[in-house]
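Letters are used for the chains, namely A, B, C and D, taken in the order the chains are written, and counting of residues starts over at 1 for each.
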Amino acid sequence: MSDDPNFDISIIGEGRIPSPLKGVYFAKDKDRLIFHSCLSEVNDCLEISKPIPSFEKAGPREKIYFDPSKLKCGIVTCGGLCPGLNSVIRAIVLCLHHNYGVRTVYGFPYGYEGLTYRYGHQPVELTPALVDRIHEQGGTILGSSRGNQDISEMVDTLEQMNIGILFAIGGDGTLRGAGAIAGEIEKRGLKTSVIGIPKTIDNDISYIQRSFGFATAVSEAGRAINSAHTEAQGARNGIGLVKLMGRESGFIATFAALAYSDLNFCLIPEVPFTIEGFLKALDQRLERSRHAVIVVAEGAGQDILGDTGQRDASGNIRYQDIGIFLKDKIQAYFKQKAKEITLKYIDPSYTIRSVPADANDSAFCLLLGQNAVHAGMAGRTNMVVGFWVNEFTHVPIQLATSARKKVDPDGSVWNSVLTATGQPKEMR
Amino acid sequence: MSDDPNFDISIIGEGRIPSPLKGVYFAKDKDRLIFHSCLSEVNDCLEISKPIPSFEKAGPREKIYFDPSKLKCGIVTCGGLCPGLNSVIRAIVLCLHHNYGVRTVYGFPYGYEGLTYRYGHQPVELTPALVDRIHEQGGTILGSSRGNQDISEMVDTLEQMNIGILFAIGGDGTLRGAGAIAGEIEKRGLKTSVIGIPKTIDNDISYIQRSFGFATAVSEAGRAINSAHTEAQGARNGIGLVKLMGRESGFIATFAALAYSDLNFCLIPEVPFTIEGFLKALDQRLERSRHAVIVVAEGAGQDILGDTGQRDASGNIRYQDIGIFLKDKIQAYFKQKAKEITLKYIDPSYTIRSVPADANDSAFCLLLGQNAVHAGMAGRTNMVVGFWVNEFTHVPIQLATSARKKVDPDGSVWNSVLTATGQPKEMR
Amino acid sequence: MSDDPNFDISIIGEGRIPSPLKGVYFAKDKDRLIFHSCLSEVNDCLEISKPIPSFEKAGPREKIYFDPSKLKCGIVTCGGLCPGLNSVIRAIVLCLHHNYGVRTVYGFPYGYEGLTYRYGHQPVELTPALVDRIHEQGGTILGSSRGNQDISEMVDTLEQMNIGILFAIGGDGTLRGAGAIAGEIEKRGLKTSVIGIPKTIDNDISYIQRSFGFATAVSEAGRAINSAHTEAQGARNGIGLVKLMGRESGFIATFAALAYSDLNFCLIPEVPFTIEGFLKALDQRLERSRHAVIVVAEGAGQDILGDTGQRDASGNIRYQDIGIFLKDKIQAYFKQKAKEITLKYIDPSYTIRSVPADANDSAFCLLLGQNAVHAGMAGRTNMVVGFWVNEFTHVPIQLATSARKKVDPDGSVWNSVLTATGQPKEMR
Amino acid sequence: MSDDPNFDISIIGEGRIPSPLKGVYFAKDKDRLIFHSCLSEVNDCLEISKPIPSFEKAGPREKIYFDPSKLKCGIVTCGGLCPGLNSVIRAIVLCLHHNYGVRTVYGFPYGYEGLTYRYGHQPVELTPALVDRIHEQGGTILGSSRGNQDISEMVDTLEQMNIGILFAIGGDGTLRGAGAIAGEIEKRGLKTSVIGIPKTIDNDISYIQRSFGFATAVSEAGRAINSAHTEAQGARNGIGLVKLMGRESGFIATFAALAYSDLNFCLIPEVPFTIEGFLKALDQRLERSRHAVIVVAEGAGQDILGDTGQRDASGNIRYQDIGIFLKDKIQAYFKQKAKEITLKYIDPSYTIRSVPADANDSAFCLLLGQNAVHAGMAGRTNMVVGFWVNEFTHVPIQLATSARKKVDPDGSVWNSVLTATGQPKEMR
């Protein structure tokens, strides 16, 4: 994380209009949430008389910046699917309409493509009736696409359509794009707020403790793991190999290992291993138990694979496929040892990410979308809605995209994984 | 189907011992179930004075052949996983113990391997306590393997272990193997009954209207189809492609198309198509609707792919993978047309076949296993337990393996698929 | 069942217009399905030269009676909820529109109420867009009500709205009502077809082997049974008591007992018991195992309870609640014996009947609705669509409502229940 | 909450033996977690030079108090069922065995009853093999009971069996009992640690932000709510009424209202209403929409009902049943207005609380159980394992039982409920 993180939130303009919300608690400027949760960290600050770092708290403000009766808003969803996208869209639309009385909300189709001219996509008007039941479907009714588009062209669209608040739901790349849009808006002197809603199924954004869809993904991963276990048990020297999401951080694989008791190996990007070390441990496991179940996060073992030199449309490094690589290596190893095995490889990524949000993620998405609306109405910009110590927060886009959250290989959670799986701490 | 099917069931010996079952309906010799259900077919028989073909009805007999107090039984599960395997094992064990008082039931591990010496597998004693809750897990607690083993060696094992009834749960190849075992037993003059329980997730055995696990598989296929639909809708020109089971017969894909309304194409072995015809229809669909969902049975389009000349351990022809083939062809076609598409390919086979039986399949497996026990106790052999016009039947192994059941491309069910998907009747 | 059942189907008029369906198999007059499945029953007929009884087969006809371009249709759903109602509505609407080109389909709201003037309900126009995804919700989008309305008034409505085919989805009472409507129509010399779709979650209609929603209900009942088992095991002398549907016939409870292994008692209307006999058996079970799980069908033990003399709006006898009765009796019995028990009573009826159809019921409902449309278009009337020996059939309303299907207390299925639960055959 | 809360944790004795755990992060004394998360609260402390209140962090310690080779432990589960009980039992047993090498762990059957002589319950030895898959079942394999037993007698049992650590899993009453046991132990000068694991499906313990099973319960409540909605829509003036758990605090009902969009009224203990106010709002809702769905927490409206003067075996006040009360009042109100309604009442409590933990609760239970073991091994006593700002903590039993967590009727979460349901803020 950043050494000297900046928690200050930008504004389009001060609140000036009384909020139409009635009988609610309005967040005050002094309502700040401490970044540190350990007493020693706070004491460290106090000792050197450094201010205690803290987040602005999310929530409705007594005075808002935008006049609801004249405001037009836009929503865009970018990058890969994630459970809860439709729930967030719905929450934003319903809160704008019912709480603030905003009448016009556009959905831009197919990610940032929808903000340009060149694809010919037409914005969709999002009414309460249209979004009423969309949270029961997975995916995004707006469609999505990867990658950024020309910033200037996108701001042209916002300007021409007179959009007051743009809600951008997406991952790291999308949020950087949203930051660039906010920068161009500021340069042009426009009064358009840009509010990001962080979407990361991997739950790997620093400064944000929970991201929507992650819990649903861990649940859904259970099906593939159960299958892998059943297949592995059903054959002599049966091996079930499951590839899960997790490009930079192995939280899904880690929590799957805690939630499902049938895993014997959990491989994540944060914990390096050699292929020889892993195969030896796998062989020993088969000797002991005649079957094995392995979960590998897609970003694990990248030092083994090497960079392909390619990048996808979102700018992410395109790695070799660790799942296929492991499958081939395992089969070659036992073939050479003349030990018959039966390996079943399962890649459930699309099935996981396309389910609707479960009940708890649904409730979370509702609150997340509402807080995004409150932030935008209050004139905040160039920020995302975060979640910290059980409260929603405002986080500058730059801060949110400055570092990845990682599983700590020396921490208690990973230690519980080692206990749960029985895998060696070191596989080298 | 066979022109002159033989419905006669072989016996080890006549029933001679009063059944220990009390207060139940005992099936009589005259309880036969008509093979034909159409009046005209029966009338055709009557006209030419041909006997009306019929199945022996399953169920307990008043006199049984084996003395329960001395009987030892064996169970073996072969081939790929299928929902309900453990339910059938459990039903056999519980019925032998609780209804007939048989004390010794062995499970042979890892399919026919477990009946030979060479793998060193030890038979497992299956007690009511051991099998009590196994139906809640997918797969088979016995393990499985593909392919037949040396017939003579397997009969040696049965002879040495003094097995009176062997229950063989498996598909076409397994049942042929069971028939060969029964033949060798007869040649040696042994008194061992061989009862097959047909396992075909594809539901493609002629002379049997319902096979266990099929309904569960259709249900479970829904997850992959929903994902494919969500992914397809989430992208510009999104295509979701799902490969389902169905080597020779496309019943799973067909019923999935009836059960799930989001399919636009259903490709099955029984309905030939050309790749050009299919791609043209797909292109037109994208023009109309900007997304498409395709289900392809693994055995579809084999005339397009050609035989690889290989066979798997069960002796099944090893086809090229139609899923990968279609994926490549679709991508190449649109690339050449410079039309950007997003294709997501999902192969859920392992996840489908490894779930436990659903409630209705569970009840079916219970009755199926019980009827297998009744048949064996009554001295029947070289037969499988079938299901016909809502009743359990006895079917000679030779008859059951003589022909495949197929989806009728001119029948009403396939016609409903065409209506439900909107796909052209001919894609050539 | 009726001694001399009449299988003849009434018609409004002969087919006269070529069907617009292309490339499908058209059912012929000779396509009849034999009512008997046992060879001996057929032989009995032959001996006395009685015609073999048979059903007219369902399916599209080459010539239809109604001119699709001028036809208006109506749909009504009556009685209690059942999984699959919306699937059937959807199938009828889509088949009328897409296969036959019928443009106008009305839904009458809230059952037969919607066919009268007095409630002021307005018919809803059912378009393909409106019904597209309704099968994903339980219940009926049309709403329902119990009981019949004035026949003459309902036929007035049909006449004034110029309805050509009325599809009535409902149970015994509804179908009798539909028969009365058809009678009045005939009396008036109108050309309106009345096609019933039998709805019985209890699966208790004679002459029909499968009714939609039953399989889903058995599945869904599993949740309550699992809860009852968990609660029973969690307490000293824990008793879980679950009341399931089944007014006249205990098929749901019976198949639940086959599907779920945790049941210790299954009480159904077909098998009488005394409260003393049952309590004694329950006490013995607690002595042996310290917990017990009981399923009781709502119509069980009515001879014990006695008729309340009341009837509900559908005309069904209103029984005392056997669930509450048993709960009270059990608690009183053990209190008097000073034996501490913990009883948990679960009545999951609404939760079961309001779920959407599962995959297999969905496919079944699609075909059922399509066959109802084919029957109506071909001029059939005063009939329901049935299912027999794996095929859809036409069944006269009078025949379908003439008798209840029952669980045979001496048959093999109930015998399997006794084995599965371990309950005494007689509890008297 | 307490004005001057005491966060100090009692110990049996200082750590003296090196922990057998290898390669893990050992929690240090300075690892304390701040109780306040708002900056202003911390600043308030600093201003008056009051120490910042903080929790001791959970986790393994470098030195432990008990010698694993000689240690015997006991586990007891008390009160009503809650998803995850078996997961916690399993985590404790596996961590004691595999991480610390403790060989003897007893389960005391049926709650505190199992710690007395009088019921004759025998302790069960809990081995890793026995607990291996218990987390897949709901309930508790130990059984449970309500209420406390004689403290002295229970400590006698612990003393005679030489129990070093007692793990007590239960709610408020259970934890008070555990505190009393710890007190008696101290009085006798014994060296037995008492570690509580707080079980509250209502998530209503102050000083603990998350309790196991709560999230699963919110998920599971969705089935009943969907049913209620389907039933309500299926009838003219249909009303679906669902009673959920929540004696003192309405968190389950509150989060259900956020998670499921079909609720129109959410009634919780924290928000008073009059029956007249509620009925008027309900009537207006029916006028607008013809159907309504209501969720009521079991503790809502107690001022309306009045205390029955009774208490259950756990000492909880026994309220009148608000669900039945509302049902009767609603029916009487509309009957008197001669407005026909159809009300369906669903009480899913047993079905909800008896399911197994979902994936996320499973992972949580694993970590919770492990941290309970770490605390006990380190010699902590008279405490529960809590969860605060994303970390596990140690909380004195007295503090944990000193106050209930409540939904804030003026806070943002309840405000979101009002928006989501559309119900009036005041119903008086």
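Basically, contacts are C-beta pairs under 8 Å (C-beta built on N, C-alpha and C of every residue); 3 or more make two chains touch, one makes a residue touch a chain.
If you want to know which protein each chain is, UniProt gives these names: A, B, C, D = ATP-dependent 6-phosphofructokinase.
Since we're looking at a predicted model, the values are computed, not measured.
If I rank C-D and A-D by number of C-beta contact pairs, which comes first?
Answer by contact count: A-D.
Farthest from chain C by Cα centre, which chain is it? Let me know.
It is A.
So what's the Cα centroid distance for chain A and chain D, whole Å?
29
Distance from the CA centroid of chain C to that of chain D, rounded to the nearest Å?
42
So which stretches of chain B touch two or more other chains?
Where chain B is concerned, no single residue meets two or more other chains.
Given the complex with chain B, which residues does chain A contribute to the contact?
81, 109-110, 113, 119, 137-141, 143-145, 223-224, 226-228, 230-231, 233-236, 238, 344, 346, 348, 350-351, 354-355
Using the touch definition up top, name the residues of chain D that touch chain A in the complex.
These residues of chain D touch chain A: 22-25, 30-34, 36-40, 42, 46, 52, 54, 59-60, 94-95, 98-99, 132-133, 135, 209, 215, 218-219, 221-222, 255-256, 258-261, 358-360, 362-363, 366-367, 370, 388-391, 410-413, 415-416, 419-420, 425.
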